[in-house]
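Should a chain be cited, it is by its letter among A, B, C and D, assigned in written order, with residues numbered from 1 in that chain.
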Amino acid sequence: MVLTSKEKPPNPEQMMTIFTTGGTIDKVYFDAKSEFEIGDPMIGEVLREANVTPTFEIRQLMRKDSLELTDADRQIIFEAVAECASERVIITHGTDTMVKTAQVLAPLAKQRTIVLVGSLSPARFRNTDAVFNIGFAMGVVQALSHGVFVTMNGCIFHPDHVVKNRTANRFEAV
Amino acid sequence: MVLTSKEKPPNPEQMMTIFTTGGTIDKVYFDAKSEFEIGDPMIGEVLREANVTPTFEIRQLMRKDSLELTDADRQIIFEAVAECASERVIITHGTDTMVKTAQVLAPLAKQRTIVLVGSLSPARFRNTDAVFNIGFAMGVVQALSHGVFVTMNGCIFHPDHVVKNRTANRFEAV
Amino acid sequence: MVLTSKEKPPNPEQMMTIFTTGGTIDKVYFDAKSEFEIGDPMIGEVLREANVTPTFEIRQLMRKDSLELTDADRQIIFEAVAECASERVIITHGTDTMVKTAQVLAPLAKQRTIVLVGSLSPARFRNTDAVFNIGFAMGVVQALSHGVFVTMNGCIFHPDHVVKNRTANRFEAV
Amino acid sequence: MVLTSKEKPPNPEQMMTIFTTGGTIDKVYFDAKSEFEIGDPMIGEVLREANVTPTFEIRQLMRKDSLELTDADRQIIFEAVAECASERVIITHGTDTMVKTAQVLAPLAKQRTIVLVGSLSPARFRNTDAVFNIGFAMGVVQALSHGVFVTMNGCIFHPDHVVKNRTANRFEAV
């Protein structure tokens, strides 16, 4: 996409919708239970700390590890995206089955830019990929006009051409 | 840009070049001098912590507050970008005159994607926009095919249509 | 303890021994296993980042949630402290049964200062009590001449006069 | 100080007073001015994040680099400490002349425990000694009964037996 001085980049005034579904990105530790659970979504806090000016809304759909997402859950995600008015959608999601959810959303690609993102380290950690990944996803969702994409490890993947390499703990193009 | 299953997103195997010029993003505090200076560039550390897989090289051009950049400095930046083989270039830069440098680079837009990014808070700070901004810039530089862009506050700006609003401390489209 | 100009505070040149036993303070997230485990002890990294100059050695005894510590484990801890040459000992420990371990160590109080400390949030978290608690414990272990103490929530507790209030998630004097 | 089961450690119910005077510990970056200044004191935020339970009050006396403190400033600090009801006082202070201020406070040592602390890296930094140092100072101020102390680099120093080694950027006993 070549922008001449007559063209302007995508209008940041159009609202973007962010759906949260759970995953490592939102994990928090509850000492009283001696265990980690998925806590309140962190993406809003990350966007505020970065002083982003585009308008966005955040809607929590569920709080699940992505290994526990069912077909019914994916249907909920599909319908939420289908019904929402925004052309630009980010979905925070566990990384284990992110690709599967992305593929389910393919029919919605014609009129929207849909980006799925998560992280391998919780956003609440001192050292994490979460903040970078959220920034990367925000950049991609504004730059690309239509399609469904998975963004991890600083790469933009097409859902039909990516796998999570569980041994190496990263996403790779195939 | 619509991606069908036959098309793949930009190839992460192509190396990207990152030029660093200074700015708030790299500021560090030297207690012995009771002052802050621009330290070693932080972008490499940010990309490593985020586990990005695309290949990149980092080349430091200078370490200046952007208010102190001269026409000669901008010429150095121009020539470095013109001579580099990468099609995708990120330049970390102080925010005060980032737009001016972006405009100087306009002739190089035909065959490259050039993204200028900085931050209003140093990357070494606990609370900072730096990490998000670097992620955002990485997403944009891979998603857009050609052009020169300024990426701040979660927006993609064309260099002829943006100003830094110094009172509100943010970038705005004009 | 009143220090006059003739007296000097405890000699930082004497080595201090730090025993690590596990607990929340060292929890780390393993994405590949979708779970949190006790990782490498963090106290060394915390002390280095704080530029502490007293000499210390760190010896890992075990990596357990303190609810899983057995009498045999406490015997291991007892013997390790009894045999070590240092007069000043810090033990990082899970908070749930820290008081019990402190009471077991009571016979060793005559010739040593022994401080048990942990945290309610992992040291690897961005927001945590771990760093403050480690600093607090280091201050106490150098300031008090003999005894066994539990240090949590910015308080110095005698092992016979403290409980962990699990509902309020804090330690309280009784 | 040996604590037997009949003795309890210092009562955390007695309020502690914290005076803030400035220094590196509170430095913040103002991008609009392209410079760093001393910002709001950070110690309250640090204590809240650590969930400390003892009662404390924070009183800001000034916001200066300690190289800029005058005899008049030290008189202000002296009078503030002399007039305050608390037996336990922490003073956050720039490190360059912390020892001098500590010596000025010597006459107040008989009835109070006064601890001076600062940091070589701002508390707002991601990597900092500030949080550890504040914890250390809180531990010392509760453990020692009377006296004036300087606490830096994980050591307790008597004001007449310490210098800041500016080349090595640390405090050393002399």
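In this section, contacts are C-beta pairs under 8 Å (C-beta built on N, C-alpha and C of every residue); 3 or more make two chains touch, one makes a residue touch a chain.
Small disclaimer: the values here were computed from a predicted structure and weren't measured.
J.: Between copies chain B and chain D, are the contact residues mostly the same numbers or mostly different, with half as the line?
T.: Since more than half of the residue numbers are used by both chains, the interface counts as same.
J.: Roughly how far is chain A from chain B, centre to centre by C-alpha average, rounded to an integer in Å?
T.: The separation of the two C-alpha centroids amounts to 23 Å.
J.: Taking the mean of the C-alpha atoms as each chain's centre, how many Å separate chain A from chain C?
T.: The separation of the two C-alpha centroids amounts to 40 Å.
J.: If you average the CA atoms of chain A and of chain D, how far apart do the two points sit, in angstrom?
T.: For chain A versus chain D, the centre distance works out to 44 Å.
J.: Which chain B residues reach two or more other chains?
T.: Residue numbers touching two or more other chains: 120, 126-128.
J.: Going by the touch rule stated at the top, which chains touch which?
T.: Touching chain pairs, listed by label, come out as A-B, A-C, B-D, C-D.
J.: List the residues on chain C that touch chain A in their complex, please.
T.: It comes out as residues 24, 27, 29, 31-32, 34-36, 65, 67, 95-96, 120-122, 124-128, 166-167, 169.
J.: In their shared complex, at which residues does chain C touch chain D?
T.: Of all residues in chain C, those touching chain D are 1-3, 5, 7-10, 12, 46-47, 49-54, 109-110, 120, 127-129, 131-140, 142-147, 149, 151, 153-158, 160-161, 170-173.
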